[in-house]
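This report refers to the structure that appears directly beneath it.
Letters are used for the chains, namely A, B, C and D, taken in the order the chains are written, and counting of residues starts over at 1 for each.
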Amino acid sequence: MVKVAIIGASGYTGLELLRLLAAHPEVEVTAVTSRKLDGQKVTDVFPALAGRLGGLDDQIFESPEAKNLTGRADFFFTAVPHRTAMEIVPSLLEGGGKVVDLSADFRFNEAAVYEEWYERHQVPELLSESVYGLPELYRDQIKTARLVGNPGCYPTSVILAMAPLLKKGLIEPDGIIADSKSGVSGAGRGLNMTTQFCEIDDGLMAYKVIGHRHTPEIEQELGLAFGRPLFISFTPHLVPLSRGILSTVYAALTQDSSDEELLAVLNEFYKDDVFVRVRKKGELPHTLDVRGTNFCDLSVFVDRRTGRVKMISAIDNLTRGASGQAICNMNLMLGLAEETGLIELGLRP
Amino acid sequence: MVKVAIIGASGYTGLELLRLLAAHPEVEVTAVTSRKLDGQKVTDVFPALAGRLGGLDDQIFESPEAKNLTGRADFFFTAVPHRTAMEIVPSLLEGGGKVVDLSADFRFNEAAVYEEWYERHQVPELLSESVYGLPELYRDQIKTARLVGNPGCYPTSVILAMAPLLKKGLIEPDGIIADSKSGVSGAGRGLNMTTQFCEIDDGLMAYKVIGHRHTPEIEQELGLAFGRPLFISFTPHLVPLSRGILSTVYAALTQDSSDEELLAVLNEFYKDDVFVRVRKKGELPHTLDVRGTNFCDLSVFVDRRTGRVKMISAIDNLTRGASGQAICNMNLMLGLAEETGLIELGLRP
Amino acid sequence: MVKVAIIGASGYTGLELLRLLAAHPEVEVTAVTSRKLDGQKVTDVFPALAGRLGGLDDQIFESPEAKNLTGRADFFFTAVPHRTAMEIVPSLLEGGGKVVDLSADFRFNEAAVYEEWYERHQVPELLSESVYGLPELYRDQIKTARLVGNPGCYPTSVILAMAPLLKKGLIEPDGIIADSKSGVSGAGRGLNMTTQFCEIDDGLMAYKVIGHRHTPEIEQELGLAFGRPLFISFTPHLVPLSRGILSTVYAALTQDSSDEELLAVLNEFYKDDVFVRVRKKGELPHTLDVRGTNFCDLSVFVDRRTGRVKMISAIDNLTRGASGQAICNMNLMLGLAEETGLIELGLRP
Amino acid sequence: MVKVAIIGASGYTGLELLRLLAAHPEVEVTAVTSRKLDGQKVTDVFPALAGRLGGLDDQIFESPEAKNLTGRADFFFTAVPHRTAMEIVPSLLEGGGKVVDLSADFRFNEAAVYEEWYERHQVPELLSESVYGLPELYRDQIKTARLVGNPGCYPTSVILAMAPLLKKGLIEPDGIIADSKSGVSGAGRGLNMTTQFCEIDDGLMAYKVIGHRHTPEIEQELGLAFGRPLFISFTPHLVPLSRGILSTVYAALTQDSSDEELLAVLNEFYKDDVFVRVRKKGELPHTLDVRGTNFCDLSVFVDRRTGRVKMISAIDNLTRGASGQAICNMNLMLGLAEETGLIELGLRP
């Protein structure tokens, strides 16, 4: 059993890591940290994880002092805010650990991009080593990585939809519009007026209409897929559900294409990827079909009247969009089958 | 008191008409029809409408035989499916009544467009007489009309967002993308597996991704606003809430513009329109702010990186998107102040 | 127009007071206070209230210094926490104002009861003057009162269900069980982990299972209805909806009774009360039927197998359970018809 | 691998059986029937079950002709309506199969009770053989049974809460009140106006207030626990969530007891039961903590003012209340550890 630690486990991504790792057959959780929950039992904070049956009754939140953790685990998930991650990760690596970081700190290839959208990068030299943790695009690099930057939830949903068509030159790289709708857990577990029940129940809004920080991450990967930098228009929305992202992505076709042709491209591209389910012509992804799973469901619709394609992708933002994908990356980094501990079908209804 | 009849009142738009008309100070409901509910008390079907206090305890659903209704009312709302509307409306007009039709049958200027998206039109000669019932665009024509085609819910939300900018030539007419998210009441009150609670609660999907019938309606009005025909990409989504549409509409700017400049255009355009609330720079429309009301809340966001504008509009699909707008049209056709009976603020939370 | 001030308008009951008063034909809001929102525009905090059409665009939150408010208004709603209310109310009365207090401070007849469940009462002499603001039970006293203690949401729903049967001696006073389910707005507008969307969406829990402070309020009024003190078992639950309380109340019958007999008692008891709708035999109250209104819908079900009756009541906790009832009380205190400004039917769906 | 067939898999309990069995390590699904879906691919109806990764892509719904199924499987789940079950089960048993029936047909010990609440029983002789499938009460009998009547969802939640206290004589057997709140999936997957999204979203109602058919089932088991027949008052409610039942059960204490004493009784009673989690003093069960799992979370609250106890239980109605419990029973009948294939923690949020 590989020893695994979670640094910063008080949020929803931490909770989701714990839920999934509790049932993982090849690892054991040996440390769970949270500065604000220091000393509390994990199952007092998260009763869903309790019980003799696969539960985590013995886990106690600890203060996250990285030095103490070295030696306590061989593998680390850092589920802390950006900046905090880059302060912690180097010492974990120096201690011989492998790391999947769920913040934005190690997702970018170039420090300049990170610094434009976030702040000064403290360990830019690690950016060339870290691998962007989207297994369908970087599986081989992930397998040998010490450090993986786990993708953002929105980027996961948009990149999986568009990268294959861009690589094939089937869509125009300019003018791509990604309209994404997210469940509320994407806003995290902190207190927040916008995400109080009565402020969003039975209602709907866009937010961060200009300048959401997932924009450059999508642009980096779609630019690499196409072969040159590009800009996208990205708009996130908050919808009254807990888990799930549906992204509707619009692009102009470079040539006349049919649904069948584009589906063939997608099916070929993802032929070895068990976590991508390309739906049949005319079928509609539904976030409930992927709830609690690492799946990404994809559909394609050609609109002949406008010469555009509409790609639709559905993921669970906490599983595929964060913790499930992080575990998939861990599996690859540990030499395990990537689906280990992730074989679960969507909880529907 | 003007006598008003509702033809086809068994659905959610019928229910919303009844709710609003019960409190309207200048009209009385004298007939309510539904073939399938014939003989039932309105308040047995809709207990929300019961009570001595403004309730409709005396109303009984009748079979909708138009001849019998002539003379029973001076004003008619037809809230029946398309095709049924064009079978009924001519005799209502002949009987001397005025009509607001909530179906698609009288929304189009050209029979050819209707026939491409729906079916053969039975009374194409009425299309030149009927007025598209968007008061902000056609107030004067509505005032003198005998017949108004009440706009669809999605078109209302998209047209109000884009028409001012198109009229001013500030955005490109080609490549407009309207991504709309609707509450479930938009699907009507019929039995439907897709709208069973467990099939959409806590989930999210797109539907009719290609070819939704509100597309040509939006294109007609935006084309008229710009001055020549145009095509749009329109995608509707089903979100787990009862009332509300949020439309996010993307267009390329024809020239460099700021939020302030575009807001000034909107404020000028809607300066006499009490039911449009142009939000201040940076503010975000929320469907809860318009719930149960005839308001349309609008925001504008310029994305300088991509040279595009994102317009966001929020309406209540049953009120502004159907029955509230229908009553507003009735008010204009009867010479009343357009806000009569519609002065209500959003039910939030 | 009567001048009205709202002291403490930053919460959901304040928002609901503002929504309803904006449309009230006989009053105008002249002052709105909130210590934490001091200086902010009301419509910046609550955009639902904006607009030239009945909106409150000119209102600014002020600091709540009671002395300054004297003279600014003739009528006051105090929507502040308990204790704060009893600090403010005396000076408002001394200034010649009439007051409806929405806290618990003036609901109890005996200071000892208040002090057992809350804290020391600072102005116990006002308790004999203040009237419990349930119009169906105390209409005449309310009409002449200077000070009304507006009932709690749960007590309103339980007392209206049980008082008539207790007064008639039809049910046993001991062993009454009130199982109440409330929408989340009952928890107020503050930041709270329990009421974050993801903590209650698609889930359900009981809370304050023992010792909820609405218990003595229910016991006071049901004891008065029966003629001697009694105890009840009361359990509140949090359900994933914004507005609405459904109370299911169980009591043993003192004699064999039928649904018809008990319905006759209720109909007789409430024959002059436009805001109580006694449903017909077998019909089921639904919180959606009363949403946004001052109605209380009641049903009765005799269970012959167990010799018990089950009473079911539905209210909107923010309207009938707080602000609508407060306005109803104001209407009575001002000599207006009690339904003034409250003629609205349930927003369904 | 044991061959397992599901008779009647078109509903939510069928879907939940499929979801869980797909991941079960000791069985394979060899037949799935549905008369109305005959010939359709399972994953076309339920896309959540699709994929190469543990999915059911090869399954086709068949017509449920029991004779053909004999030999196709060694174990059968009958997830059909009552009456249909008793028509099918005898031939399955004759063919040598073991059966867990999810209908009400084999839950009762006495045909007379079944016939009072349902209809004439066609194979009353099987009632003495069939075992009531609540493992905590009947584990040993289940292990050797050919036929298990799987408990109803509400009875599971109420019986687990009350049986220990009744067995110990700590509560009065008369006057027990069970107030249960269920998610909408309990109403099944059929088309139904009451469970259309807009009819229950953001609302709440009681239903079948008198005479719900789960009443005699609860009475049978609680009567057996106490030692003589008893009556209960049971009221089900529909709340706007998909999965989950919270039951609040009230009973008079026979003697003064503390929370600690009653918790000790529960902990002793369930000391070998991994699927019951007795919460610590003061903790509150939440349906989200058991979502998607076979757990039942229990809490106890003594109300000294009234001499009553309030027991609160939370289950997932589709898992513990139906399909998860059915699989637990199958495990026992097959000699497997009862938790096989059921080790999953609650999906929260």
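The rule is simple: a contact is a pair of C-beta atoms (placed from the backbone, for glycine too) under 8 Å apart; a residue touches a chain by one contact, two chains touch by 3 or more.
From a predicted model like this one, the values you see are computed outputs, not experimental measurements.
Chemist: Using each chain's Cα centroid, which is most distant from the centroid of chain B?
Modeler: Most distant chain from chain B: D.
Chemist: Is the number of contacting C-beta pairs greater for A-B or for A-C?
Modeler: Most C-beta pairs in contact, of the two: A-B.
Chemist: Could you tell me the distance, in whole angstrom, between the mean C-alpha positions of chain A and chain B?
Modeler: 39
Chemist: Using mean CA coordinates as chain centres, what's the chain B-chain C distance in Å?
Modeler: Measuring from centre to centre gives 36 Å for this pair.
Chemist: For chain A and chain C, let me know how many angstrom lie between their CA-based centres, rounded off.
Modeler: 46
Chemist: Could you pull out the residues of chain C that touch at least 2 other chains?
Modeler: Within chain C, residues 12, 185, 198-199, 201-202, 240-243, 286, 288, 291, 349 contact more than one other chain.
Chemist: How about chain D: which of its residues touch chain A in the complex?
Modeler: Per the touch definition, chain D meets chain A at residues 12, 15, 19, 22-23, 46-55, 185, 201-202, 242-243, 274-275, 277, 279, 283, 286, 288-292, 295, 297, 318, 339, 342-349.
Chemist: Provide the residue numbers of chain A that touch chain B in the complex, in ascending order.
Modeler: That would be residues 175, 177, 179, 181, 183, 198-199, 201-207, 209-210, 231-233, 235, 237, 239-244, 246, 248, 250, 252, 284-288, 291, 299, 301-303, 305-306, 308, 310, 312, 314, 349 of chain A.
Chemist: Which part of chain C faces chain A closely enough to touch in the complex?
Modeler: Where chain C meets chain A, its residues are 12, 184-185, 189, 191-193, 195-202, 240-242.
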